[in-house]
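Same chain, two partners: chain A is paired with chain B first, then with chain C.
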Partner chain A sequence: MKRFGTYLLLQGKRALRLLPRTLAVTLLLTLSAALILAVVSARRASDVSRRKTLVGVIAMDDNPYIMMGIHAMETFDAMRDEISFLMMEEEPEALQKLRAGEIAAYVVVPEGFVDMMYTDDVHPLRFVTLAGVTRLDSLLAAELAEAVAKLMIETQNAQYGAIHYAMDHVQGSDPYEADDVLIDRYFAIVFDRDKLFRLETVGLSGELSFGGYYLCGVSVAFLLLWGIGACPLFTRRSEEVGTLLSARGFGAVRQVAGEFGAFYFLMLCGALCAGAAGLFLLRRAGTAVPELPYVPAGALIRALAFLVLTLGSMQFFLYELVPENPGGILLQFLNAAVQSFAAGCFYPSSFFPDGLRRFGEHLPAGTALRYLGGVMSWSGGGVAGMLGWTALFLTLSAAVRRYRQTGRGA
Partner chain B sequence: MKKLARFALWSWLLTKRLLKKPAFLILLLCVPLLSGAVALAARQESGTVRVALVCATDDPVARRSTDRLLHPDVLVRCEAYDSEAEAREALERGTVDAVWIFRDGVSEELENFVTGQRTRGLVLVVEREDNVFLRLAREQLAAAIYPEASFALFRDHLIKALGAPEDLPRETLEKYYSVDVTDSPIIVFTNADGSERQSSGDLLITPVRGLLSLLPVLAGLASCLYYYREEENGVYLRLSAGKRRALPLLNHMSALLPVAAAVLAALYAAGIATGFERELGLLLLYCLAVAAFCEVLRKLCRDESRLGVLIPVLMAAMLALCPIFAQLELPEALRRLFPPYYYLKGIYAGRFVWQLALYAAAAAALAMLLPERETMLPARAKREKKNI
Partner chain C sequence: MTGEIRDIRKNYGKTAVLRGVTIPVERGGSVALVGANGSGKSTLLRVLAGVLRPQSGEFLWEGVDLLRSRALLERTVAYVPQGTPLLEELSALDNLRLWYDRETLEASLSGGMLRELGVQEFLKTPASRLSGGMRKRLSIGCAISRDPQILLLDEPTAALDLAARERLLDYFSGFCARGGTILLATHDLREVEACTQCCLLSGGVVTPYEYDGDARRLARALERP
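Up next is the complex of A and B:
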């Protein structure tokens, strides 16, 4: 036990050498984040339209229904704060703006779009984005464009039907006479469409809000990346010393326990500083996370301690597996990127196909995300899964260490 | 010629020592496999908003509307539930994001809606919170009911404006209203080069290129850490000072090129490559820029642990500032500090390729101008003393 205490102390001293820099970088990161937040807030305050995604619209037809559709699209309540439609004259101009990143996408309404719907010669709307780039906001705009296109077709359906009926049944009258009245009534139902349903918001209970989910996702992704910073602690490790200690009876299990203790201390200090700074910034910025004011600081600290324990043990195991550069760092990044993605840190896991969602939920990052979500929403947040992963990673680390040392000794 | 041969030999030797590491090779192989797996997973059926749909009535308007909603959609995925209680329970559990309930009297409410009378709504929408996805989902709901509203308005118009009898059979109305609209899609998704694309799943593949673009940066930074160590071990002491000036860049390139090859393969595996020559040329230029960027950082940090702790910060900054996930409204000058910005923009706009070349040249010049830290033989001895 005494030898273990000494080993832990020595490893702690190694980690302490890295600690001031870790804390300095945390401070730097916090300052940068504060600066970015300040700049973003100032820009938003000065120019509201800048925060919107711009989607170009090129209408090659002056059909009144097309114009109605475009107007409806511009006033859609769902996207008023997120997307703005920009009328454009020519496609080359739109293409140029798209390539320069000035617009997220553009929609081309071809000539005779509505009329051609009644024939086999369909000229569909074209929704153009850059290859391999589908942003969520442009996808939402595409959905809206499709909904509006259906709306335009139905409306023109009714107009043609009324004209034909007047021709067949209303003798001696101008079939187009009542047309304006009909169009006005259609405009009215398009703009009153929110009356089609009654909205009941039941509030959040035991589940996270959208903002809360993203806060959890970003936190887990950040912790996954944070492990890369500890690489000098592992790549500078002397394996000969480990083998020597092992030969003198201080085995792989105790070595791993001592080294992980020091690594955990380093990671926890950095994470606590970053967490405190992040919380302070979120509160200052007037956060859009409704759960945050109701979660006690103690619960957040405890959650952070468990998160660092699980994710730290995983990172420790990966360093044990590939303790050299550049492989070690690449492995940490690949692991962080894949786990963050599959667990739903970047996009909510509900976006994913069922198979990928189930896979992501059972990964360590997925377990961590669910745990943090549980803490934030007061719905529990059991630690059993987290502790299970920790035990597995530490056991595997000890096994890898033992294999390496006995292999070398043989 | 002799110099070129020596340069090639050095490049090969520097690359070979990395390729001899099995872990590094396995990781490189994993890159295309992982991006291929993401592309494969993204092609499966998925949706952004999950909705529990309850049709607690035999009303034909409700039946037709729910039929329209139950087909697979890119963003809204509806699932039929038998009862309101069951759907509300799913909402509370978080299994679904919203509940849409068609209750009795849908046709009457529709009549009230189109005639401009007071209505309590055709559908009861229950949500836990209001967010952009749920607002969009409601637009989809409105679009599904709209054909019914349009038809009801058409009927009302014929009766009131054109004097049609009130008991006009539906079949007669449909004869005039229902023109045979083709089943072809009314919207197609195309790329800027005119090629067609599948809309669903693209969203999940979008960040793949961005994430892949960070791999060379990471490899470059890892190479810097490796170089610090070799420098301390005196590996390059026998080289003349002149030769040692360009050596770090060559060293970083030797780590970057295998990673770039893996990235190129990964782009093809994910199905997002835009053409071999274009991708290869841009990647090579990107590697030069990254090597110079990493060398500047190496000289500024001057120490392994300092650069090591900075790596996650750099990664987080690049994730936030470069066009990988979302475009935050941040000053352009901040974004332009990082090479992935030019690379990711350069895929689609030629002017960013030129800017990437300029960036590489400027960063390389800066790297050459910055003073080299002292060679650390004494430091090695100190470290060994400290090592337990």
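Up next is the complex of A and C:
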């Protein structure tokens, strides 16, 4: 036990000496990756913005006026150059297409919507879009404002016409009183927007907003890239120290535990520093991550501790497989690139085909992303999966170490 | 005779590397183990150090088989591998701390084995900045933390300059003069000359060899199947 304490302490000392360099390299890599992806995304976004926005329509009501209305909007409305409509059968299908980026939003028309317009009992339209996509919200608001303004003017004209007609032709009743009743009923329907439509937003993944999702993605990618920055800790370690320790009864399991303990410490220190700096910059830049104010600092630190445990153990195992330079760094780079892409760190996995999405979700990085997303959205993160990966990687690391020291590789 | 390496056999998979190695060892003696690259010298030393487990064989020392008693093996034998078993980013002192407890380290530095090796000259220097000779002396210093009776050395003076090599050889002769035993794997004729006994390892077996200073004859002996 005393030997383990000394070993852990000395490995920790090594790690601490490498911390500034590791942190600098990792930050540089993450910023570079984020910058490249931002440029690519911006280009793609400008391509998309030149196209018409596709909105799904799920009509539970088979009233012919619905189709007529949609046709009218597509043909005559001011929005016809910007929006086209796609009729859909089921809401789950629409939700899937929304998350996959195939449609920008969908509208659910409730059953009996048109008939209910004749009474006060109106069930609202549901307009569902991705959280953070404001373009459609503002289009809809502008359209409604214009419609309401026109309605008010036309209604005013109709009102005066009705009063004059009543004064000239209807005997025995007060036309002004009848007009008041008419206006009351009209306003009750038209100006109560809650009754007309309800705007709902869904996240890219679970309940996360765009900002929240990308914050999770970049955090996981940063931790994945940490393996590259930390290479001196592994590639410069002497195999012979382990061999001699093993000969002195300090076996592979305790060696791995001591070295991983130090690496974990290094990575956690770096993650906390980078996390604090990142949050400060986000606040300064005013970037919208709506979830962030509601997540306690303690929960974020605990989440980081678990993320570092899982992703760190994976990187440790990879260096155990290939401890030399440049093979070790190359393996870390490939692993970080493949896992961050497949898990959806930079590009939402909901955009991927089903098979790739499921594969990505079950990778260590995917598990980590889901866990962090769960913590951010208060839907609960699955720690079991993270701990499972950690146990697997550390066990494999000890097995590889033992084989190298006592097997053919010795 | 104080001890004997008896009939050591070691296979890597189906390949037999050591096919029954037997070498008598004496207290205060030194054995040079000479053989071509890949002949199994390092494997033999690793088996004797307890790093590798042999298929069969004994390492007898004062009547006890050290391979059957790990605690006794750890106290009796020190092994210095060919590479340097050091934590590069840490100072020489930190490297020593891994192998010594505090009291033994202080005693050894103030007038014991470490002082004799001259380790105190570079205690605060990071291992990565030490010269080849210093690194080797530090490696030996780490290995002898338990005051061993037998020192197993794998090519100890390879790639060292003359001064560093002579300093190490002086240390080895002092170690033997105090009753210690050295078994070293080497290609260096100066080391072979300095040893009291020479063995050729070829085809997985060992044969005693009387080295008379004729390097060509030794080379021819190594080439014989």
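Everything that follows uses one rule, which is that the second predicted complex is superposed on the first by the 220 of 410 C-alpha atoms of A that agree within 3 Å, B and C clash if a C-alpha of one lies under 4 Å from a C-alpha of the other, contacts with A are read in each partner's own complex, and residues count from 1 in each chain.
Throughout what follows, a residue touches a chain if its C-beta (ideal position, glycine included) is under 8 Å from a C-beta of that chain, and two chains touch if they have at least 3 such contacts.
Remember, it's a predicted structure, so these values are computed and weren't measured experimentally.
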Partner touching more residues of chain A, whether chain B or chain C: B
First (chain B), second (chain C), both or neither touched by A:V241: both
Contacts of A:T129 with chain B and chain C, given as first, second, both or neither: first
Contacts of A:R99 with chain B and chain C, given as first, second, both or neither: first
Chain B versus chain C as contact partner of A:R358, first or second or both or neither: neither
Touched partner set for A:R17, first chain B, second chain C, both or neither: both
Touched partner set for A:N157, first chain B, second chain C, both or neither: first
Contacts of A:F341 with chain B and chain C, given as first, second, both or neither: first
First (chain B), second (chain C), both or neither touched by A:R284: neither
Touching both chain C and chain B, counted on chain A across the two superposed complexes: 10, 17-18, 232, 236, 238, 241
Sites on chain A touched by chain C in the complex: 2, 6-7, 10-11, 13-14, 17-18, 232, 236-241, 243-244, 246-249, 405-406, 408, 410
Residue ranges of chain C touching chain A (in the complex, touch as defined): 12-13, 46, 49-53, 70, 74, 79, 81, 83-90, 94, 97-98, 101, 128, 142-143
